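Each of the two complexes below includes subunit A, the first together with subunit B, the second together with subunit C.
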Partner chain A sequence: MSVLARPWSRLTPAGKVVLPLLGLLVFLTLALLVGFATGLIPGLIRFVGDLLGANIGIVRFVVAASAILLMSVPTAFVIIYMELKVIALMNLRLGPNRVGPWGSLHSIVHGLKVLGKEDFTPTGVDVPVFTLAPAVTFLAPVLGLLVLPFAPGLLGIDMNLALLYFFAVSGLSVLGLMMAGWSSFNKYSLLGGLRAAAQIISYEIPLTLAVVGVIMLAGTMSLNQIVMNQSGSILDWYMFKQPLGFVIFFIAATAEGNRTPFDLTEADSELVAGFATEYSGMRFGFFFFAEYVGVFILSALTTVLFLGGWNAPFDIDPVLNALGIRFDLALDLARLDVGLLFLLALGPVVGTLLIALPIWMLRSDWSFLKSLVIGFILLNVLLAAAVGVWLALSFEAVVGLGWFLVKTYFFVFLFVWMRATLPRVRIDQLMGFAWKWMLPASLVNLFVTALAIIVVSEVR
Partner chain B sequence: MAQQTRVRSLDDPDVFVESPATIYDAVPPYPPRTEREAEFYHLRDGEMLINLGPQHPSTHGVLRVVLKIDGERVVDLDPVIGYLHRGVEKICENGTWHHAISNCDPLEYVASMFSEAMPVLACEKLLDLQVPRRAEYIRVLAWELNRIASHALFMGWLSLDLGGLTPILYGFIERDEIVEMLNALTGQRVLFNYLRIGGVNGDLNHDFMSRLGDWMSHAAEQVENQTKLINENEIFVGRTRGLGVVDRATALRMCATGPVLRATGIPYDIRRAHPYSVYNELEFDVPTREEGDSYARYLVHVDEIKQSIHIIDQVLHQMPDGTVMAKIPRWIRPRPGRAWVSIESPRGQYGAYVMSDGSDHPFRMRIRDPSFFNLSLVGHLMPGNLIADTMAIMASLDPVMGGIDK
Partner chain C sequence: MDLPGKGIFRGMALTLQKFFEPKVTVQYPEEQHDGGPKGRGRLILLYDEYGALKCETCFQCAQACPIEIIDMGGVDTKGRYHVHWGPPEQYAERREDSALRRSGRPVPDQSFVAYEAIDTAPLDRILADVDYDPRQMLTILERTQEAYGYLPIAAFRHISSTTGAWYAEVHGIAAALEHLRVEPPGGHVVGICRCPNCTLMGGGRLREALEAELETVIGGTSPDGRVRLVAESCHGESRLRPHLTVDGADQDDTTPAGATSLARRLRGHSRGRAQA
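Moving on to the complex of A and B:
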């Protein structure tokens, strides 16, 4: 053993990585050869293919669930960066500006920092509940992503009770907050948890009632169907048919997402950090991500229900036709034959030079190398833009996704704007507002909608 | 607490002990010493103690308040002060009169131009010293600038404690401009140590005057912008109007001064009631409000900023020429006797009662800090309100713990 151990200890760190990888490579090559020789591997592939084909529903679910889990954290990163930057600009500060261009990698470093922090469990906490609470809080909004239609055909599951599922799942977050508040063995946490329970349950009612008007108009609870009902002109968006419902929904969503001015559960000037007081490290990170994913799904749901989801606000094709502009982008690269090779070999070089030479000639103080680097970067940007345009024109889903994200991030921006502007309401004002104003208003909205539907159908 | 908990022993972390009053409770680990303590720490059903501070985001320094709460409602409270106690009055007795100036500086660390005036004015009174008029005008200029800096910060803190993020930064922009200006004048940003017995340390300089000119050109507009964000804000007004109402009798009985007193409708301002320095040559209003609530206190602060800008404008127009230091002996030994001086600080009447025994150091110096008296109103204002309101009330009284703990 010691004979083997001595050379191992003399290896450089890189060697310690490469050597096992080499061994693995040799093993895999041998295994593949043996597998193909015996016909084992083709049989296995056929078997797995048949299995997946037979259970396409399960495969679709697993792929969708993995996809939303993978997208939830980057979404949170984007919104965190956006919030830091937008609030900073509103406060006349610079905001994050160190990591990456304009500080754009700040939230990633932030996330890594949270990962690296000590995960501390204080004395006296109810350990299993304390450990589970962040996971429950984080999973609630992430599960809500599963039914959101991002673009035509791009959605996790097309459920016909999607809206009901959404409210059921996102209502779970209150459970996580209460678990955190109760198990933390801290009075600030306890007050925060109880406030969360009172607030979120109160605002669920106007939130749900405001949506019932949309359900009555659409005649379905499938989010995909609701979006499709709003296709057509901009006037088909439910925002214009349900203005009161739209306003109630947005206010209630603010309270549902624990955002300013309704962020009483973690009121930092009163309850230190509310339910999250005793949390540190990645457990706190989960609460943090949950809040921002929550902001995203609430904005996305507002978009889907009231702003026509992935529908464009205006139809661009007639305009283009009237101007006589036509895009024919049926690329057939195979037609180029050997020319394709030349294109791949010479295209980047010629393109870089074409951009770099004018720069070099105009900016006499730049070296040629610098101009070349700038030209190469610009060429890449142009190519990326060209690919983007080609994608957008070729695939309907890309345009739809673009419109969906534009609308959603508009609402995210509204949330951030409110956070920068408004103070916090008091708990009695909050509850009074929910029960005295929001609930009657949403009932009136419901009544008027029902009446209008009957009257319209009678007139016809 | 009714239910005892098993906690890790502080002596041996591996051992769990059935703790009496656990380390997590705000209950003191000794039997009650007074009747009030016994009453306060006796919890009825459904009540609990919550410990606010000394390390809490919104207690303005190191004030600790033990709140007895029933749900969200505050039943009773026990403020604990003294975390910042330095024994300034005693320290002053052990140094010369000049040392007392810098020792008194950090008392009111948000507006230290006022607290450092205490030994200066008292010594001048004992010496029967005539301060040059230019020095008096420069003092008024520095005081009013510092008052605006303090009030701008107050407006920010109040809305920060109500959950608004932005106004505090606008307040700091205002304060930073003034503080940089005073830095150019005095060489210090926070603890200026600028006033001297018989005048001020250094005449106005070019850096200061150019910064002051820049600032004066947009000061009024900047205040307007800042107030526009919060004055008419429905949530801000809803949170502060009718909250923490002080009536005139209580305010007088509790010796409240400054904006807290003026918000109840009593136009008592030392600058007008007992004019000192050159305030009787200057024209200004004493803004008052009738309501006595947090919102009225906030509005009084806003109006006072405008009046201070008006005063600065006059000072700059009337500034006489001359020296900025009177001729005084290097070794100051005032006559034996007593002197009472008081000035209007941003928080109210800042006073000092000083005894001299004819030596070169104060024999006894007692400082009256307005924050202490204003803060004692919390016992009247908080019970019956919600936890969230304790912050709004405390912030609207604008305490500075340096002066309270002395």
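Moving on to the complex of A and C:
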């Protein structure tokens, strides 16, 4: 044993890391050589490829599920930061400004803090239900993301019952809230949970009925098809064909997402956070994330149903043609030949120097190294912008995603803006508004839409 | 006519307007705002090592005060005058008086009682006996009253400056205790007893008659300062009549009429109502 132990003990700490890595490298090189020489690795690749190809449905599902799970948490982070910052700015405060530029990494620290907190289960709770509730609440909106068309071709599943699936799945969030309220063994939690159930179920009805008008116009429940029906000019968006439906949908969505002025279920100042009273640590974090992912999917659904999804509001090509601007983006880097090598080698250095030198000459109080670092960062920003422009002009999906996100985040901003402005309504006003105004209005919308469809088809 | 929901849109417009406005937050440790151009920070009065105020009523602070917020009063450094500094409106004084005060010179005050000097030799002996210990203030004050018959203001000042106790503390102890008095004693002392036995024997009517004739109550002095009415105890000695003394001598005639004529005699017929 000492044959190996003595030389190992003489290694520096760095050597103890590098040596195993070297050994691994040698082993992998040998294995690859042997594998390619015997034809084992190409055969394995072909086999796996065939296997995945044969089960493309499962692969697509796994990829889509992983993707939406991975995107949901950063989305929640972005919206939490947006909420903190926008409300602060509207209150004439500065808001988060310590972590990252303009405090943009604040919610990540928030998330880490929540992860580091004690996960506490109070005495007397119904443990399995108590434990499952945050997961159910979080998964309901996340599963809704599966059918949302983000961009042409960029969607989880093009289901022909997507809208029905969406409402069915996001209706599960009430179940999660009820589970949390019931299992917490706390009267405030129970009140919050019951309020949540009453409110969300009441507003589900006008929400769904407002969408029926869109379904009748589109003739389909596939969200992808609904977006495609709205392509063309901005006047093809269902917002203009269904103005009443749009308003009803937005108000009901506010209540569905438990957002001010309908945030009775949480009512921070009255119900001590309602159903989430007894939750701490990451379980509370799940409720928090669920709320913000819910805001995102409701905004996204509003965009998809009424604002044309990923359709651009205007067509930019005729404008560019009229101005005589033409991009030839068929980049063929191979044409550069040896020049490509020089570009790769010298491009970054020359670019950094070109940006850093003017900075260094203008800012006499900065050292050259500092200007170099700043120049390098700026060069990267510029290159990223250039690549972004190139991507946007070359691929339809990128432009579509951009428009989709712009519209969606407009609605997110609207939700935050409303929270900064409006006070909370009373619970009886809330329920009365749902049943006495929203429901009749959505029924009127439904009948008028049906009548209009018949009249238009008869006239034609 | 107001459209329903108009308030919502007005509120949203307001918050959006505030969204773009400059923010009021001052990031304190990093940014430090200057105070106003006339700011002087917080004003406090300092105490010396004996706990006495160091303020000498020099008015320099009041003169320097840019917004004339300082309003102060006190006795000048040599203990001669009562002086104050402040806006004339507050004291309803004439403008020239105010101007005189603002000049910073000490001015006599109409309401100030002149300071009477006393011979401090007996007081110094008393203080030396208790080793100038402010914790024995009650003993000092009682013995001072024995020596002078009452507690002169000058004695308070002397006690305060020799023992180090605050003037206000010395005066407060003297004012809080009934048997210590700050006025010179009246000429005669009339004492009555208020025990149940004396009261049953007619002490209540006796007391009423005395208080009406002397125009004071028990513990006070008649307005002309000639007779003091105090409470005494008969120690259960009087069986047949209420206990009444004049300058320590027991009196036999304790009827209300007799008491009235007694009081008149003691006051020398100086009572206004009797002459009218």
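Simple rule for what comes next: the second predicted complex is superposed on the first by the 413 of 460 C-alpha atoms of A that agree within 3 Å, B and C clash if a C-alpha of one lies under 4 Å from a C-alpha of the other, contacts with A are read in each partner's own complex, and residues count from 1 in each chain.
The rule is simple: contacts are C-beta pairs under 8 Å (C-beta built on N, C-alpha and C of every residue); 3 or more make two chains touch, one makes a residue touch a chain.
Since we're looking at a predicted model, the values are computed, not measured.
**Q** Is the number of subunit A residues in contact higher for subunit B or for subunit C?
**A** The partner that reaches more residues of subunit A in the superposed model: B.
**Q** Applying the touch criterion given at the start, work out whether A:Y188 contacts subunit B, subunit C, both or neither, answering first, second, both or neither.
**A** A:Y188 contacts subunit B only, not subunit C.
**Q** Does the superposition put A:T421 against subunit B (first), subunit C (second), both, or neither?
**A** A:T421 sits against subunit B and subunit C alike.
**Q** With both complexes overlaid on chain A, does A:D263 touch subunit B (first), subunit C (second), both or neither?
**A** The answer is first: A:D263 touches subunit B but not subunit C.
**Q** Quick one: classify A:G124 as touching subunit B (first), subunit C (second), both or neither.
**A** Only subunit B; A:G124 stays clear of subunit C.
**Q** Touching A:G39, do we find subunit B (first), subunit C (second), both, or neither?
**A** In the superposition, A:G39 touches no partner, neither subunit B nor subunit C.
**Q** Can A:L94 be said to touch subunit B (first), subunit C (second), both, or neither?
**A** second
**Q** Touching A:V86, do we find subunit B (first), subunit C (second), both, or neither?
**A** Touch partner of A:V86: subunit C, not subunit B.
**Q** Is there a shared patch on subunit A that both subunit B and subunit C touch, and which residues make it up?
**A** After superposing on chain A, subunit A residues 90-93, 420-422 contact both subunit B and subunit C.
**Q** Could you please specify the touching residues of subunit C with respect to subunit A in the complex?
**A** Residue list for subunit C touching subunit A: 8, 11-12, 14-16, 18-19, 21, 23-25, 27.
**Q** Could you list, by residue number, the parts of subunit A that touch subunit B in their complex?
**A** 87, 90-93, 123-124, 185-188, 191, 260-261, 263-264, 267-272, 419-429
**Q** Taking the complex as given, what residues does subunit A use to touch subunit C?
**A** Contact set of subunit A toward subunit C: 86, 89-94, 417-418, 420-422.
**Q** For the complex, which residues does subunit B have touching subunit A?
**A** Of all residues in subunit B, those touching subunit A are 5, 7-8, 24, 48, 50-51, 56-58, 72, 159-166, 169-170, 173, 229-230, 233, 235-236, 238-239, 386-389, 391.
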